[in-house]
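Every chain is named by a letter (A, B, C and D) in the order it is written, and numbering of its residues begins at 1.
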Amino acid sequence: MTSTPHPDTVSYSYLGPAGTFTEAALKQVPEAVGARWKSVNNVGEALDDVTSGRSVAAMIAIENSIDGGVSVTQDALTNTPNLRILGEYLVPVNFVLVARPGTTLADVTTVNAHPVAYGQTRRWIDAQLPQHGYIPATSNVAAAASLLDNSIADAAVAPPGITEHYPLEVLAENIANNQNSVTRFVLVSSNTELPEPTGADKTSVIVELPDNAPGRLLEMLEQFATRGVNMSLIESRPIGDELGRYRFVIDLEGHILDERVADALLGLKRFSPNVIFLGSYPRADKLATTVTPRYGNDVFVEARDWLRAITTNEPSATREP
Amino acid sequence: MTSTPHPDTVSYSYLGPAGTFTEAALKQVPEAVGARWKSVNNVGEALDDVTSGRSVAAMIAIENSIDGGVSVTQDALTNTPNLRILGEYLVPVNFVLVARPGTTLADVTTVNAHPVAYGQTRRWIDAQLPQHGYIPATSNVAAAASLLDNSIADAAVAPPGITEHYPLEVLAENIANNQNSVTRFVLVSSNTELPEPTGADKTSVIVELPDNAPGRLLEMLEQFATRGVNMSLIESRPIGDELGRYRFVIDLEGHILDERVADALLGLKRFSPNVIFLGSYPRADKLATTVTPRYGNDVFVEARDWLRAITTNEPSATREP
Amino acid sequence: MTSTPHPDTVSYSYLGPAGTFTEAALKQVPEAVGARWKSVNNVGEALDDVTSGRSVAAMIAIENSIDGGVSVTQDALTNTPNLRILGEYLVPVNFVLVARPGTTLADVTTVNAHPVAYGQTRRWIDAQLPQHGYIPATSNVAAAASLLDNSIADAAVAPPGITEHYPLEVLAENIANNQNSVTRFVLVSSNTELPEPTGADKTSVIVELPDNAPGRLLEMLEQFATRGVNMSLIESRPIGDELGRYRFVIDLEGHILDERVADALLGLKRFSPNVIFLGSYPRADKLATTVTPRYGNDVFVEARDWLRAITTNEPSATREP
Amino acid sequence: MTSTPHPDTVSYSYLGPAGTFTEAALKQVPEAVGARWKSVNNVGEALDDVTSGRSVAAMIAIENSIDGGVSVTQDALTNTPNLRILGEYLVPVNFVLVARPGTTLADVTTVNAHPVAYGQTRRWIDAQLPQHGYIPATSNVAAAASLLDNSIADAAVAPPGITEHYPLEVLAENIANNQNSVTRFVLVSSNTELPEPTGADKTSVIVELPDNAPGRLLEMLEQFATRGVNMSLIESRPIGDELGRYRFVIDLEGHILDERVADALLGLKRFSPNVIFLGSYPRADKLATTVTPRYGNDVFVEARDWLRAITTNEPSATREP
């Protein structure tokens, strides 16, 4: 992809409004510069935009270093056909406490916040405002915006930079419980063209276990282990029909065009009644995947040549020289 | 445990107020009959009550068949020392739409609901009230109660039975997306006495992987597989220090006093820098665990006798007759 | 293969002379009827005949149900390039004690026997002839023949049917320690054309471990286990350069043209610095291989189609319908 | 053990006569100095001496670096109850060609040799004496001795040092095919007292698979892998009742009093219907076993303490500090 100017109709969807962490993730995408950015209210809307063609891609949060996988995203990716992840983007997550101009910390009795943000800043808020009341909001930006809209709240938890968009004042910065929190976003599209392998790639799949027989998860993991494919993420999600039945959201190190990953996916596909391939894409951290020599592409090619020589009865195929 | 009358001071904490699914779970506990039931606002408060001794036990939601593990509970159990799960309880989850008396479905423009309940009833609400606005609530009961408290909402999503506690009318029943949704609750205590094995038990642990080396999860699962111990739940949770480091919340079939489970826990403890034992307790579904004969208690005892005869040089220890 | 009449020059080698168990195995080969049968003295000569083209095939013993693998055969197959096993043949092994006409059991003071035959009949001989002396022979038939050639022995251990070839008398029948002993023979050729799969096939390979790192053998076996391929034989043989380094002689259930076997051989080839493919051929016992559905040929083909659709960007390749 | 002078009745059995490699192994045993050395004809006799009490121990060959395991020894150890290996000893194996005084290499037309020795020197003999005839002998020393006893042979293959015992001349030295061949011997006793762990030990066992189900061997190896126990030897031997049923002769690195080995043996015993413990003893090469920290004795002890604290309800047992 190149970042030539987009016609007006090219649109990217993101969880808005302007000022969210999702917008910060979208700012990292060179191809999105100059395109129309379409603010949506939730993951479902974002993916609808993609599948309907209203947007070429959508930016959605998939995992947080503190809270773990974003279940609603994982389930939406499971249930929406024909999507592909084009890339991943990391955004450090921290928060500020904002208020209407003139308000001091001592004035604050009620705080408006998205429940996740509230949880992630609870330690600071409980210490500084032990008597506060809490009003939940539908998004981090909505919490801030509500202050200008007759809310009974005196302050809101919001992303840094919120004051670029709203006439509010920052009462306190860096109020997150954990100062190193990072959220991982993915850019999702219906474009099924595979990006080229870069040597620093991830492959995302969602895999259903065939049944509840003991050892099934072990069997699934052996598909990766026997091909030297490492996982950077594994999360279970309920299939939903009954307690105790799971599918797994998995990120593998490597690209589907890497031989060892392709072979592992073949094994996975034979094992599982339902494998969803979500894409191979460059890693956000650009860390090259370490491949031990025995799982290199050449080793796979040589083995296939050896087998083909035997099965097609080429001369001298019986053994290695 | 027997259900003799409790002195007034014996207290059980639960996510309240009266009418919640958590209260429905607590109603299943014979020992709690006649005790004081203490309504709390969140899992943290419930566990605080237990560790401080204010309550003998707390009922908390740990998993839903649709939404998966309750992260906040899993993380709280990880971070609160000296807790034990005494039992598990299943509550079918469905919802009703309630309103102030006299309101009809056609009158409803704004709905108040806890975000999880909203998600689980969205399909019905979107179909019946395509133009509705949404206000988030902090709990299912709070959503209903708000209708009596000057809320701008016209209706609320609430648990069945809410009308026993509040003068509201039911506009629609069974509005959940999934009619078979079940939530699993656990009763948590600081009492570390082990319940007797019943033959239909679960054992819950939280296990940290020693490092990110490839194949670590596989190694962990082999601890169970080589002792014939099945898992009924495995969920990953971020350790939180950086992306890509996980601990696992695991439910095993069997009791720590079952030889095969004890041996698997020994293997797990040797493998992991941090294993939290959360308890062995009777399964809610009372399904007896199937143990293949080679993993029976007697097999473990015989093997130990055989080894002891060799290492202590008992006569004729060299081999089986 | 068909059993059309052979020209005089078509020759089959076997460990002779006439009357040996190896000859009995060769009699089971329809294609050998009418060809010249060339008696040789040892496995090395037999394989030399094959590689030089003097014989189209050689019959050699590879395993006995009591004594295990025939090491000298296993090592010869390892060290002779470009050989293929065309088929396997089972011969029940029992022995008679023979003597010159007129000799009675009471007359016997010295017994001539091949060392293996002597070992397999020792129990009977020790019981009946407690004072006997022993002279080793180079083959079972040579032991018998020696009686007619000025040997100081009075009796010889020989295969049943020896009296069809030599004017000797049977002093005792069925003198083997084990009455159910069976020897497995293989017909070896330099013809590398693969026989068609019959559904009841074996595949023989010799595999060197890459190094002595712990767990290497386990890794090798996982190549089979993850493809549902069962082994009917595994024997270790020293590589010979130092103590503790081994190669493995392995018989797999199935044919190299079975998808699961081919895939396992690919994994094996990637794992091992040296894999010798010795052939896929019909089992002597004609027992059809049981293949669980998940390892059927169709499952492999479907998985490849699925992967190809993704990597070549066919429409609708993202997921299963 | 100390090497104080033995009373005349203390006897060690070995495959004789004087001059064999087995005698060379016995010379390495300090405790055997000054005892009576009893020459026997085969492994069965040697083990009979031990079980009957005629000898305190017997030296027997168990493996050769070129020929592999000595099947007859492995089977005898399987079938003779109550034996223990006390130690292992390595003897370099090479051969000389000897003849009656005055014979030259050019005079030699017939060679007497034990079949194994003949096989191991065949390359040299075929090159130097392409027209030679061969007479098999029952032992390496018997081959040499026969030259003084009217044999028609002109030369014999014998161990170096044979001329210390017989008035013969060496025609050629170092005639073995492989100049680095080593035979491993074990000293076997009915004394079941365990030697102390030295840090450089081996443990020998013979293990029967429970049945022929696919993956059984893999399961057996997992018992070792999950405890970090390495194998230095694994050989299959037919159980003997039918083709395709095997037991395994296994040498493990470590001592039964090492926690990880003891735990692996427990797992093995639970897995297998028949485990024969043959002993833990110092390695001949005195190479200390490398134990990764996670399999150290302390790790096993700590895990047991942790489990015991939970199952006996010691205070603060729920988790690690």
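Criterion: a residue touches a chain if its C-beta (ideal position, glycine included) is under 8 Å from a C-beta of that chain, and two chains touch if they have at least 3 such contacts.
Predicted model only: the values in this text are computed from it and were never measured.
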Between the Cα centroids of subunit A and subunit C the separation in whole angstrom comes to 57
Chain-centre distance (mean CA atoms) for subunit B and subunit C, in whole Å, is 59
When centres are defined as mean Cα positions, the distance from subunit A to subunit B in whole Å is 27
Residues of subunit C that touch at least two other chains are 222, 225
Contact graph of the chains (line, ring, star, complete, other): ring
Chain pairs satisfying touch are A-B, A-C, B-D, C-D
So, in the complex, the side of subunit D touching subunit C is made of residues 63-69, 71-72, 90, 115, 119, 134, 136-138, 178, 180, 182, 184, 214-215, 217-218, 221-222, 225, 228, 230-238, 240-244, 246
Contacts from subunit B onto subunit D in the complex sit at residues 81-84, 192-194, 210, 219, 222-223, 225-226, 256-257, 262, 265-267, 269-271, 274-277, 294-295, 299-300, 302-304, 306-307, 310-311, 313, 315-320
